[in-house]
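Below, each structure is written out as structure tokens.
In the two complexes below, chain A is the common chain; its partner is chain B in one and chain C in the other.
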Partner chain A sequence: MAIFGLWVINKAGGLVYQRNIGDGLPGLTSNEYLVLAGTLHGIHAITSRLSPTGSSSGAHTIEGEAFKMTILLTATGTKFVLLTSVVEPTADSVLQKVYEIYSDAVMKNPFHTPEMPIRSEAFDSRITALIG
Partner chain B sequence: MTIYSLYIYDRHCTCVYYQDWHRTKAPRPATEGGILPAVSQQLYQVRGEDGTLSVMNSSPRNTLSSSSGVVIAVNDELPRTPLLQTMPQPPAPKPVHTGLSFDEEAKLVYGVVLSLRNMIKKLSGQDEQFTNYRTSTYKLHLYETLSGYKFIMLSDPFSDSLRFILRQIYAGPFLEYVVRNPLVNMDSKEYGIDNEYFRASVDRIVRGLSVF
Partner chain C sequence: MAYAQAQSQHPRFSVLSTASLGSIEHLSPAASATRFSLPSAPSINTALAGGKTGTRPNIYDRNLNKTRTTEVSASAFAFLFSEVVQYTQKRVSGIADLERRLNTLGYRVGTRVLELMVWRAEGTSKAPKREIRFLPALMSIHTQVWKSVFGKPADAIEKSVENSDEYMIIDNDPPITRHISVPRDMSQLSCSSFSAGIVEAVLDGLGFPARVTAHNTPNDQYPNRTTILIKLEQSVMDREEALKT
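What follows is the complex of A and B.
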């Protein structure tokens, strides 16, 4: 029951927000995070094509032995990724709330350029209040 | 609760075995030279229906498999015909194809699994294994052996972890009918590992599961 990190990936696969919470996972350099986010973007597209029946969404959760990634894809193509421990039943609802905060604090901000890294104190502090 | 398919890859990234059960969207047959011989009987059968591959029945070495006695594996380029002559089955309805051919699909599956495996290792900072991912219509499970063989199974999205089954397939049929079978050319990069006993044995394990 722990949250390790949050990523926001824009529709082109660029990492626009990344934040570690707690020290459950080792920190990587920002370059490494950018590469991982790009990889995840590609994998997400491929997984939807591998469906053995009917049409499929992209990967929704990806699990390792000790942590999992939960991915929320919005209608506009932005991806919210939450890194948590394997048993974290609230991951989906947390992501929905993050999306709400993103809409309020980032999309309604007239000084924010779409698809660019998020540098907003309001967003930061509200995320801290939610999962910090 | 459904199990869709099983892929086995060797450490050279090549698909050496494939079997499926409840797939409603089959891959298109592999292109010539796209997959190794003796990977999957099903795929060759599909090609036979199209009338493009009739060599299967006229193979000069077919005498081996129809004779009495136990043949565990035949060193033949083509998949072996069943030991027991089965009754001719009514033609199945034409399967709906995905847009991909089998060799492309096999490469994509391997690519996804390898990338995720590296991503999980990098993020965790230690040797942590990637175990599964889930989409709206299926769940992919991975079990990797120390020798680099990767067992990959696709099931419905709500099943529990199936790694123990993959391990069971490795510890049972795989060791018994592939590793201990002197006629199977492992690690050759030229042949798959498909043989009658392995296929039947895997089939029995999977069909006996409560999640099948």
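What follows is the complex of A and C.
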């Protein structure tokens, strides 16, 4: 019942936002996070082509013994990834809210360049209010 | 010979175009910024063709006085305004220039806002009236203009303590800049310069020429708090003094 971290991955597989919440996760260097996000992007691309019944949205959750990754793929290819404990019933609704905040505070901000790292105080503070 | 010359120069065409250009430049507040072009009138034909399928009347045929159902999506406006800022930012060098251009764009909105507001409020009145004193005019900007443009009145009006010709309209959370976070290296930029332009145009239209600027004045409770600073021209101050008795 805890949220450990949030990633935002752009449609090219680049990590544009990464944030750890609390100290549940081991600290990694920013380069390692970039590699992990790129790998996840690749895995997601594979899983989206494995569906036996035609087109698929790809992996939705990845679970381990102590954690769960919930992935939200938007229509434009941006991915929101939430790292939580295994039992976290709100993960999907939190991701929806993150998407909403992203479209408000990032996409409507004239000083943000699409597909580039997110540097917006409004986004930061609203994410903090949501899950910080 | 003369005919041939006229033919080659298209005198009628060129006279018309220069004359109209000249008059536009004269009327427009953007006379110094020649990059702004007048929008060409939208084609009525295409609008009519589009109206055939839907039941909603064409925008030219709608009643100007029915405001309840004509609200504009805040998101759509936020995206439009974001593009306006990006477009403007590409064409300027420096923050002051950017603010001046946003102000000029707002000015063009303001002239129309005043026209429409006066028509709505006084158009049907038998004895239409107009504000001739500054404070009632400022009050009507604070409530009426803000309500018709932003859907809510502004939060406060203040008078400068140091300068008697300065007044301030304060908005705790201006809707047009709600989603904008200005990067640190441009921290003195206020995109509410657009609203300042609207205020400047309304004041100008009412006969109170002034210089209007926007400033960020955040406090702990309202990080987006914005002050619209109005600096009246001396002529207005003199007239107010004369009207006092």
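We adopt the following convention: the second predicted complex is superposed on the first by the 129 of 132 C-alpha atoms of A that agree within 3 Å, B and C clash if a C-alpha of one lies under 4 Å from a C-alpha of the other, contacts with A are read in each partner's own complex, and residues count from 1 in each chain.
Basically, a residue touches a chain if its C-beta (ideal position, glycine included) is under 8 Å from a C-beta of that chain, and two chains touch if they have at least 3 such contacts.
Just so it is clear, the model here is predicted, and its values are computed rather than measured.
Colleague: Once both complexes are superposed via chain A, do chain B and chain C end up clashing or fitting?
Modeller: Verdict on chain A: chain B and chain C fit.
Colleague: Is A:104 touching the first partner chain B, the second partner chain C, both, or neither of them?
Modeller: It touches chain C, and chain B stays clear.
Colleague: Please indicate which partner A:45 is in contact with in the superposed arrangement: first for chain B, second for chain C, both, or neither.
Modeller: A:45: touches no partner chain.
Colleague: On chain A, which partner touches more residues: chain B or chain C?
Modeller: B
Colleague: Could you look at A:12 and tell me whether it touches chain B, chain C, both or neither (first, second, both, neither)?
Modeller: Neither chain B nor chain C is touched by A:12.
Colleague: Given the overlay on chain A, how many degrees, to the nearest 10, lie between chain B and chain C at the CA centre of chain A?
Modeller: Taking chain A as the apex, chain B and chain C sit 150 degrees apart.
Colleague: Who does A:53 touch here: chain B (first), chain C (second), both, or neither?
Modeller: first
Colleague: For A:119, is the partner it touches chain B (first), chain C (second), both, or none of the two (neither)?
Modeller: Touch partner of A:119: chain C, not chain B.
Colleague: Based on the superposed arrangement, let me know which partner A:2 touches: chain B (first), chain C (second), both, or neither?
Modeller: In the superposition, A:2 touches no partner, neither chain B nor chain C.
Colleague: Tell me, in angstrom, the smallest C-alpha to C-alpha distance between chain B and chain C in the overlaid model?
Modeller: The answer is 31 Å, the least C-alpha separation in the overlay.
Colleague: In the superposed arrangement, what residues of chain A touch both chain B and chain C?
Modeller: Overlap of chain B and chain C footprints on chain A: empty.
Colleague: State the interface residues of chain A toward chain C in the complex, per the touch definition above.
Modeller: Going by the criterion above, the answer is residues 104-105, 107-111, 119-123, 125.
Colleague: If we count contacts the way the header does, which residues on chain A are in touch with chain B in the complex?
Modeller: Listed in rising order, the residues of chain A that touch chain B are 25-26, 28, 32, 36, 39-40, 42-43, 46-67, 83.
Colleague: Taking the touch rule as given, give the residues of chain C at its contact with chain A in the complex, in rising order.
Modeller: Within the complex, chain C contacts chain A at residues 75, 78-79, 81-86, 89, 179-183, 186, 191, 223.
Colleague: In the complex formed with chain A, which residues of chain B make contact?
Modeller: 4-5, 20, 22-25, 98-100, 105, 108-109, 111-112, 115-116, 119-120, 122-125, 128-138, 140, 154
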